[in-house]
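Below are structures written as structure tokens.
Shared between the two complexes below is chain A, which has chain B as its partner in the first and chain C in the second.
And now, the complex of A and B:
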């Protein structure tokens, strides 16, 4: 294995171990699980279709909300813990590049969010699968088509959420690499995530088809500096109507997410390069 | 091939910008220094004199305003230079949820020790630092002295040629400080170069071959310990069974040769020597 990548993995491992010991992580993890499990208590009376959509929206909403909070706060916290506690002093005095340190922090934090997404998605799958089976029986009795519930689609949707959280982590790391305080990193990171969530609005409003030339190019760059985080929210379509996902959407969303992660990490490494420890 | 100095610092200056107006604070001022290989080098000075900043610049943790620094002939602040260097920071803080052995193993991996040799390197470093017995305990349960010693173990686990120790005895009792002194001496015996920053001047005098003294960011003295401490215009003669008559006769004889008896005192041992003599078993392990 490449030595630099091996060092990144060691940093990631330590970051993961540190993160899963945090009470904040446990608290949001439990809160998310409770939210997903409580979605089963919801009842609608249209033989399944809307009810399953509600459960999916509820579950993915929990993943989105608590995952975002975790992504922002935990990333900033794990970064500043190393700086403020001066453990970074010991680590960066070793033959460890600053970029490697950041990539390690990213991988460790992303791995923790992977556990978060996997567990909540598994709970959601159990809830939806059980309810879909009940509703299918009711539909047969009423001679209606059974509701669609694609658990493979749910797995893909969970993967997309994980990718979205990866973008959030990389974005917050970029902010943290330049920030002087934990609070600043959390506030600016949260605002950046919020802006990313509303990015589709700016893209649709600013980039009117009639505009062309330099103005359009500048607007295009400005509206793509932050990722459109809404593009990852394909959960209910992937689970309840997988055939309606336009061709090419998934590869584009995956490629875009990975590109934003790479770009933000490169930016973070540049900002962190000359930071005094 | 002639080996150059372990550390070469030329015309190093570091300014920090402070406050909103960006006022300039000069932490290191035109410092030129060479640390010879295979010696224990003491870097001394009062708090805020620029010692730690200098060490951080040497390790690439802080960017200099101007100047050139090299470690073992390699440009400072490169991974290749740091791979041959071990560092114990002042008041070290490590991840509390790791055991001592896990911490040192982790540092061995980060320092590039080949996987097949990690366990042997960890065992050797723990042994040298006197931490083998406590290696299974969590770092969070360690005393200050043990933290310093596990810090030493993580600094030397990859068998570096150069070891930089920033206040390794801060907060450590005299017995622990003496143990750290012995570790430093054993590193010198193995041909390592050690840079030691410490306020324990007695220990620095004992273990260092050379010292440099900094004040207000500038180098005020540098040289071999024996040379800088020796007062060549004075002499010490230790006399046993001295009587008043013998003393008077000696004064007369000295005066006949143009010399003068400056002072007659009893030799003293240091408080540290007395303490170590009396307290022998209280190791903090």
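And now, the complex of A and C:
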């Protein structure tokens, strides 16, 4: 068990080093950082929200958008690079299981996304912390209550974003394990992420009372097969109004995210085992 | 069957995970502002939905509002303006700004656009004009009602709705009801309670106006930093006009005696002048 885990970590380390050197990663990383840092300047376009809410939404939006692009493209690229360059054959000729190879790939890519999320979240925390301090001073002058800005909540929100990206990576690996080409994996992976982002619409339909029927049964099955990626979207609530998050919510979200990752990785391993390289 | 078995197993696994996610979503959705699916459907293809997907809800709501404002300035595309304004509200349902301004635009402006579209004020008969204006005022008020529900009863939004009910619908009872709700909400504007009482008074429901205003003063306004002396003056005037016996009136406040001219004796005439520029019972 320990040896298998060590082998997974070894693949993860290689994947991490390979990914972090990619120009694509550096480009999106820079773009995300610029977006977060520019949120203060763009707030002139804001109407009717608190400044902190605008900055938080801007930052979390950038984190998810660029993180998702990275998660879909980088995962498929790193996987197909091994297949196309035939390095996967060399690796799998050694005492390394296909499942271990996939888990290693997942951990490496997820770790890179962890760096991405951590740095961007830190930048967002600096932006929000600085502005919250300024606003608190103004509030004291005007005898108003200071705005709420929970940086611990921001750390939890960043963890949730990382978990969401983990689900995205595991989902794309499942697609890539069955796909023949990089392009197919990227397109189908991106569409699956899109469907996951919209899945809450069908979930909402199911939660409303309606007559049972074949259509509803099909909707139920499809809804439960697709991952719900909106459930990780608690960023601005956790930072600006942590009391609005119902008690006991976060353990459910973390459990659900980890369960999705495990299920997708199991499916990916099964598909990869049947695949001819 | 053996070939199908793994797929059945994975389907069961994903259904199980899906059930776990459903439990998680039931909790998460309580903390998230609900997106009005019906309001967003007509905007599909205009970048609005993609914004929601990308997580930039606030930003997309702002830019949707700017686009609606461009149409509002042209004053010709009523449907387009309303659609985009409603989309901004749906994207960020907890923001008072969008609900209030969308409601006021529909209630105050769109009726006039419609009359102009039908040929202008000289051509459209007066009763049709009134019908159109009232129709749009009602429509704006309905939108504000949605906003009140989405913002958890925002006091300023309720006060704006009261203004529409009074000025556009000429419905003083409805206006008084909105002002009353505004006065009882958190961060109520200073004028809400007085206007609620004034509109009830003008409706002829004088005793009801006094009773509510008095109860509200005792429960809320009296506890304010300055003890709300203007509201007490208004209440004293009401007591005079209703000719209430001394024992039925509000007890004399200690600070009333200390401020000459503030307290009114039972036999005095009304001393308070109607406030200038504000809403008066007179």
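The criterion applied here is as follows: the second predicted complex is superposed on the first by the 255 of 277 C-alpha atoms of A that agree within 3 Å, B and C clash if a C-alpha of one lies under 4 Å from a C-alpha of the other, contacts with A are read in each partner's own complex, and residues count from 1 in each chain.
Methods note: contacts are C-beta pairs under 8 Å (C-beta built on N, C-alpha and C of every residue); 3 or more make two chains touch, one makes a residue touch a chain.
What you see is a predicted model, and the numbers here were worked out from it, not measured in a lab.
A.B. asks: What is the contact status of A:53 with respect to chain B (first) and chain C (second): first, second, both, or neither?
C.D. replies: Only chain C; A:53 stays clear of chain B.
A.B. asks: Looking at A:61, would you say it contacts chain B, chain C, both, or neither? Reply first, second, both or neither.
C.D. replies: Touch status of A:61: second partner only.
A.B. asks: Regarding the shared-chain residue A:41, is it in contact with chain B (first), chain C (second), both, or neither?
C.D. replies: Once the two structures are laid over each other on A, A:41 reaches no partner at all.
A.B. asks: Looking at chain A, does chain B or chain C touch a larger number of its residues?
C.D. replies: Of the two chains, more chain A residues are contacted by C.
A.B. asks: Is A:233 in contact with chain B, with chain C, with both, or with neither (first, second, both, neither)?
C.D. replies: It touches chain C, and chain B stays clear.
A.B. asks: Flag every residue of chain C that touches chain A in the complex, lowest number first.
C.D. replies: Counting only chain C, the residues touching chain A are 6, 10-11, 13-32, 37, 53-59, 62-63, 65-66, 92, 95-98.
A.B. asks: Inside the complex, what are the residues of chain B that reach chain A?
C.D. replies: 56, 59-63, 79-80, 82-83, 85, 87, 89, 91-95, 97-98, 106-107, 109-112, 151, 154
A.B. asks: Which positions of chain A touch chain C when the two form their complex?
C.D. replies: Per the stated touch rule, the residues are 42, 45-49, 53-54, 57-58, 60-61, 63-65, 194, 197-198, 200-201, 203-204, 206-207, 221, 223-228, 230-231, 233-237, 244-246, 248-249, 252-253, 255-256, 259-260, 263, 266-267, 270.
A.B. asks: Give every residue of chain A touching chain B within the complex, in rising order.
C.D. replies: Of all residues in chain A, those touching chain B are 3, 6-7, 10-11, 14, 17-18, 21, 85-87, 89-97, 274, 276-277.
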